[in-house]
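Chains: A, B, C and D, in written order; residue numbering restarts at 1 for each.
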Amino acid sequence: MNLTLLILLPLLTAVLILLAKGLQQIRVIGLTGAVAQLGLAGWLLKSFLAERAAGNNAAHLFESNQTWFKALNINYHIGIDGISLAMILLTSVIVVAGILVSWTMDKLSKEYFFLLVLLSMGAYGFFISLDLFTLFFFLEVAVIPKFLLIGIWGSGDKTKSAMKLALMLMAGSALVMVGLFGVYYNTHTFDIVQITQQGIPVGVQKFFFPFAFVGFGIFAALFPFHTWVPDGHASAPTAASMFLAGISMKLGGYGCLRIASLMPDAAHAYSWIIILLATIAIIYGAFATMMQTDLKYINAYSSISHCGFVILGIGMLNKTSINGAVIQMVSHGLMTALFFAAIGMIYSRTHTRIVAQLGGLLKAMPFISTVFVIAGLCSLGLPGFSGFVAEMTVFMGSWQNPDGAYRLATILSGASIVVTAVYILRATGRAIMGPISDEHALLADATWNEKLAAVLLIVGILIIGLAPFLINHLIMPSTDAIMAQMEKVNLLK
Amino acid sequence: MQEIPLSQILFVSTALFFIGMYGLFTRRNLITMLMSIELMLNAVNINFVAFNKFLFPDNLDGLFFTLFIITIAAVEAAVAIAIIINLYRSHNSIDVDDATEMKY
Amino acid sequence: MSNYLYILWIPLLPLATFVILGLFGRKYLSGIAGILGTASLLTSTILSFVAAKQYFFVDGKVNGIFQKIVALKYTWLEFSPNVSIDLGIIVDPISVMMLVVVTSVSLMVHVFSLGYMKGEERFATYYAFLSLFTFSMLGLILSANIFQVYMFWELVGVSSFLLISYYFNKPSAVAASKKAFIVTRFADLGFLIGILILGFYGGTLDIGLLIERFTSIHSTQFLSITSASFLGASMLTWGLTLVFIGGAGKSAMFPLHIWLPDAMEGPTPVSALIHAATMVVAGVYLVARLFPVFSMDETALTIVTYVGASSALFAAVIACTQTDIKRVLAYSTMSQIGYMMFALGISKNGGENGLGYMASMFHLFTHAFFKSLLFLGAGSVIHMVHSNEMKDMGGLRKLMPVTHVAFLIACLAIAGIPPFAGFFSKEEILTAAFHENKIVYGIALFTAALTSFYMFRLYFNIFWSKEATVAAHAHDAHTSHDDHSDHGEGPWVMKLPLIILAACAVGVGFVPFSQLVTSDGAALETHVDVVFSIAPVVLSVLAILLAASFYKNKNEKSDKVASAFGGFYTAAYKKFYVDEVYIFITKKIIFPFIGQPIAWADRNIVDGFMLLLAKTTAKISESIKGLQSGKVQNYALYFFGGVAVLSILFIYIWK
Amino acid sequence: MIYNLIIQLRQELVLTVLIFLLLFIKLGKDRSNESILNFINVALLINLGAGFCCHETGALFNGMFNTNVLIVFEKDLLNLAALIISMQSYAWLKESKHLIEFYLLILTSLLGMFFMISSGNLLMFYLGLEMSTIPLAAAANFDLTKRKSSEAAMKLILSSAFSSAILLLGISFLYGTSGTLTFSILTAHINGNPLQMFAFILLISGFAFKISAVPFHLWTADVYEGSPVAVTSFLSVISKAAVLFTLVNLLYKVFTPIASTWYLVLVVLAAATILIGNLFAIRQDNFKRFLAFSSIAQVGFILIGISGSSQIGSASLIYFILIYIFSNLAAFGVVSVVSALTGKENISDFKGFYKTNPMLSWVLTIALFSLAGVPPTAGFFGKLFLMMAGAAKGNYGLITFAALNMVISFYYYLRVVKAIFMDENATPIEKLQVPAVSKLAMYICVAGVIVTGLASVVYDYIYSISIGL
């Protein structure tokens, strides 16, 4: 099957949206496109599993490799492994949900949906790329839509947040670019597969790993480069927040993972720094969240904390922890998207996100409140939801390193689940429970599209939470491949 | 009689060049500035001629170059003066410091 | 070995109920939700009795030893080839015993709630949560994998959270639920790390394997975990202690008990189920489950002993001073669980020395019945009086005879008066304590006396003391939402459970427990030593008489005594200020000294730095704008300067 | 022989003929501006077409003038730019009485550039240079009545005269040290003795002035701001491009012996140029001035590319110029239309522009994104390849520096986008009636911006014809 469809489909949708007239047409087209993407992703999953079942154990399936810039040896090389497939599925789910929750967006709706779809295209392209140049290309494609989405449709101090986000992400990709050049001029190719085979000299790795890793790290809210996260998420319109946290932060995590597997020696050399930063991010994010009063800020900060687990998992550099990191990416994507969706629904009704001004919403809008609570429980890692699986896997993985400092890091990050419980329950107890104010008592519950979006995401969360062996089955082989790559350490010295 | 060595000629030309530059930097009157530039160009002309005569007498590149420079200088002057006149129309002055509207 | 797979249905039925009621209950099934829940739970109960019969009396024994049977094992989440979470079902004496306890108590509560919660707006939701809890509890009991225990552990926690905050628009209830969840979560962190340690050294998460590996002194795992040490204690000690902390959190052991009294904000039947009979004993169960491993490590056991003993005493003292009847019961629960804990702590593994283990399990078993009876009794009292305060009560014996009798029986049982259930189990515990550890024995004895004192203080205050005016309560009855039967005592669905449980409170003491549940599965010969049991019984009786003299009729004695104790009394009344300490730590230390600084730093330092970069850039660009002076001569000058610099650079410096 | 001459000089000849035709038209009875404009645009189209027929490599006038595929292609680029500019200034020139003079000046300067590009001799080069500069000074003053216009022209003519004086001094020293003016022979005499180095630096400074590299850039902003938009865009794109082509030609072909030196020179210039350009661009409100500084920063990136001194370097340069023509002219196109119809030239005037003129806004936005180097616009590829070429030298300090400066540049480009889309404005620019021709020009640019990047054939072709060190 041809992966390029994953890029063409959103492109087509975007074009059609430009041609469409009126909100009705636009959103219908958008939804159709999104559902088609979901279907495509599903089909991809099906055929992927079929291939694996048929005993095709190639690292990447459905590869195709066209020369793009012959002179520079840049190729349009695509293909997927389990990890990227998981990411693709995540993206497609979130896109559908995002389109659904922005069903009634009537301000410049054409541009809005166009940009959403464009963003998703960037994400797909990123996840299927096996050529660093293409990877980088799509990474940047996904930046500008965010800027416009936040700046035009956002709330609060939107332009400032949008600018901050765009600039920090651009700084990130600038660093990535330098790193990629370094790789290119020492291997004379951008092709991930080739580089994996021929390996990179250790010295080169040591020099360029920080560039690339930190670059991607900025996208993944790596401490201390996370400050775009709170403002960006808080100012963004609902769907954009969902995309930001659900998709674009994952670009960073995925990139970090790929870089780590490309430069194993450097990864091992620097792993302690990575772990240090990740642990700080986890604890620090958790405590910072505890002090927030705005629902969106709460979720944004908690995202910092949760993405810390991704980095931690990668930094620990063993199979289990990396598995955990990947699961955490997917889980966090769904969970935080759900959270933002719920917050958006609440905001669109009560027109406030300040926890203190809410209360007892469970009475007025049971569905939305339930969604909120579910998202919260998932976020504090309740068994049965995806968060538990992911975090526990990370813990198990990171505990495997007997070094005392690493143990300490694990324990500290473990402690964050308590803090998480605190802030989640405070928010829930204040906003969802407790006495309700009169003007909120009469508000309506979720509409069909919101319900659909929420259910979709919840189903995703539950699938991972109740049957983790499924996703494990999907990503394990790829993690093994990466670990095999990691084992190559010291061969190049 | 004994002829003047190249070094001295070069010295003159260099001096001329920097005199011109000095004039350009210090004078406020546009016309004068233009004349200083002419000085610099002539310094260059001297260089060319001198090099041609002393070092490479067998072909005449330097001389021709000089001729062209003179011509171009004339053209430049013509256009420049036209512009200065127009500037005078709008500013009622040909003092360079009056034409500093656009800055920063 | 026959097939126990049908046990799977025991937890699955409540789960199904939860899903159905959770999805459709609110809209479509609110009418029959109660019936549905009760029916499905009834099935589970019957199944578990069947299982118990089969295990204990048909084929559980193999040549005199009860076997551990793993009826199901399914790899749910694989971390690495040998470390994985396997969902399993373990069938052994304690799990089967717990099955019986949990299902039957839960059934009683279900039935009771039919009357008690009648007409509630979120009736279906209530039953959904109840089923969820039952499911999680049963899952916890049956877990064959320590991580599986942790999972259900969390689920139990959250369902208790949901049930406590059932009256979600009552701020105090919300606060209590938060407190309960967070405190237990804090303890669970210990549990989690404990698991990580044990799993790491044990190389597995399967409880059976862990026990096998850590109990054989020569296994590599055992050597590695005992040789590895941290801060002077071996890793085994650390692991077990941390796991125990988890247990202590759930079982409200001192100092992690603070959530339990507040948890009484929940509906009373919930308290009866979760905070008396089932969830709170999970900690005891956990220690029992891992007991063979615990028995390998003295330190851990000692910790268990003293935490248990101190909690028992501590709670008993506080209980004597409380005026909210549910809080009194809560503290008595804590105290009883303390009993079970130290009973485990002083026990050894296997043989005669396993007495403490058996006793603890036995007490767990009996306690479940009479304690839930007490709570349900209190429930029907509250249901009638619409207050938890003793002062609003008194002389209710005429108004609610059934409750009165049941409550009395329960009190006698907990006070350890023969032949009621509590007597036998307590007797075993005291015997074990007497043999193992005199100090603990002393504490236990004193606590026993206290227990009977405060229980009867409660009893007299509710049913005697002043003569109740029927009118007042009739008035209450009138205002109360659902129609009472003739004399104010709830409908038959509320009386039936009381009667059944009362029967249990009398009967279960005669179960030949030592034949069934022992540390090593082999039957244990125990005999009630009359001479030995004189002391505790006499003490209890005296305490009861004391209580009678204080509270049977209104009089000043109690206040005199209270004032005699003075500061100590107030301290006890204020629960020894433990809550205040917690509040101080969170509100006065964590928030202002950790949370706010971090939040501030994030905005002003980390983010501030980013902004500073931007500002500096802008400032620089502002400061150098002079270069573009607009004077063409300066331009030429800079031009020349550029030439000069380049020339110097490239002719003299970097030739 | 004569046939050869015609073929190899065809582009210059066409231009010359056109210039004379215009003169005759001027003499003859006056026609309507529209007809003249259409005629000129068609003629420029022919001129552009002339480039693509029958390629011929060779030299004329014993090495004074030489041509090959690459040079012809470069001239084609310039023609293309000229055509686009003239189409865009349609709205502005329609009313003007002196449009023929305008074209006379522009085309003469273009002709000069052609000779400069093809020059094989310093004399020829100098003539071409002056011939391209002086008419522009006059053209800068085209708005005779505007104060700023004449000030700009004055600044341009004086500083360019000064720079050519410097340049000439350099040439004279080169001549003195080598005794020849012909490139092909000159190379052999380059030995890097101090005087020669000095000469070289003087020469480079002359170039740096024309491509407005820091610190020789100061005239740029004022001149861009003062002169009419058409002239500004001509200056910013065409004259810059022409000089760059020549520069690469000189550095790669003539000054090969001292490559290590001029590499360092370029690095220094590049770093300074990027930084200063960005820092000044941040503050600007006048759109033309803003674009002036942004174009300075762009030059910095170009220098990085050239410093790579490889075939990739020169190819990326030409490729970038092509993209730069499209994106910059798209931006200038919008600006010129707006300023021609409303006289507004400030970024702050563009607040809320999207509400009234969505089409123009998108054109401008895409152009700016391309300048900023955001995918999928071509600017991304252009900038990236330049950086790649530079990175080949392994000077990652410079590359990182440039990369981080890209972030700054991002800020000011986004600032404009922000003004267009996000800022509220009580009195936005009203809906504009854009003349069909200008519209067409913009569409061409946008299409170019999109296509040139993604379609790798363009780059591969350029690479195949371009030269390495």
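Throughout what follows, a residue touches a chain if its C-beta (ideal position, glycine included) is under 8 Å from a C-beta of that chain, and two chains touch if they have at least 3 such contacts.
Nothing here was measured: the structure is a model prediction, and the numbers come from that model.
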If a chain touches chain A and chain B alike, it appears here: C, D
Centroid spacing, where centroids are CA-atom means, of chain C and chain D in whole angstrom: 78
Geometric centre distance via CA averages, chain D-chain A, whole Å: 43
Separation of mean Cα positions, chain D and chain B [Å, integer]: 27
Between chain C and chain B, distance of the C-alpha-averaged centres to the nearest whole Å: 98
Residues of chain D touching at least two other chains: 154-155, 158, 162, 221-222, 283, 411
Where chain A touches two or more other chains at once, by residue number: 167
Overlap residues in chain B, where contacts from two or more other chains coincide: 24, 33, 96, 99-104
Touching pairs - complete list by chain label: A-C, A-D, B-C, B-D, C-D
Complex interface listing, chain A residues touching chain D: 67-72, 74, 137-138, 140-141, 143-144, 147-148, 151-152, 158-159, 162-163, 166-167, 170-171, 174-175, 177-178, 181-182, 184-185, 207, 211
Complex interface listing, chain B residues touching chain C: 21, 24-26, 33, 96-97, 99-104
Residues on chain D engaged by chain B in the complex (per definition of touch): 122-123, 126-127, 130, 134, 137-138, 141, 144-148, 150-155, 157-158, 161-162, 164-165, 168-169, 171-173, 175-176, 179-181, 221-222, 225-226, 283, 289
Touching residues on chain C, where the partner in the complex is chain B: 625-626, 628-633, 636-637, 640
Residues on chain C engaged by chain D in the complex (per definition of touch): 614, 617-618, 620-622, 624-625, 627-628, 630, 632, 634-636, 638-643, 646-647, 649-651, 654-655
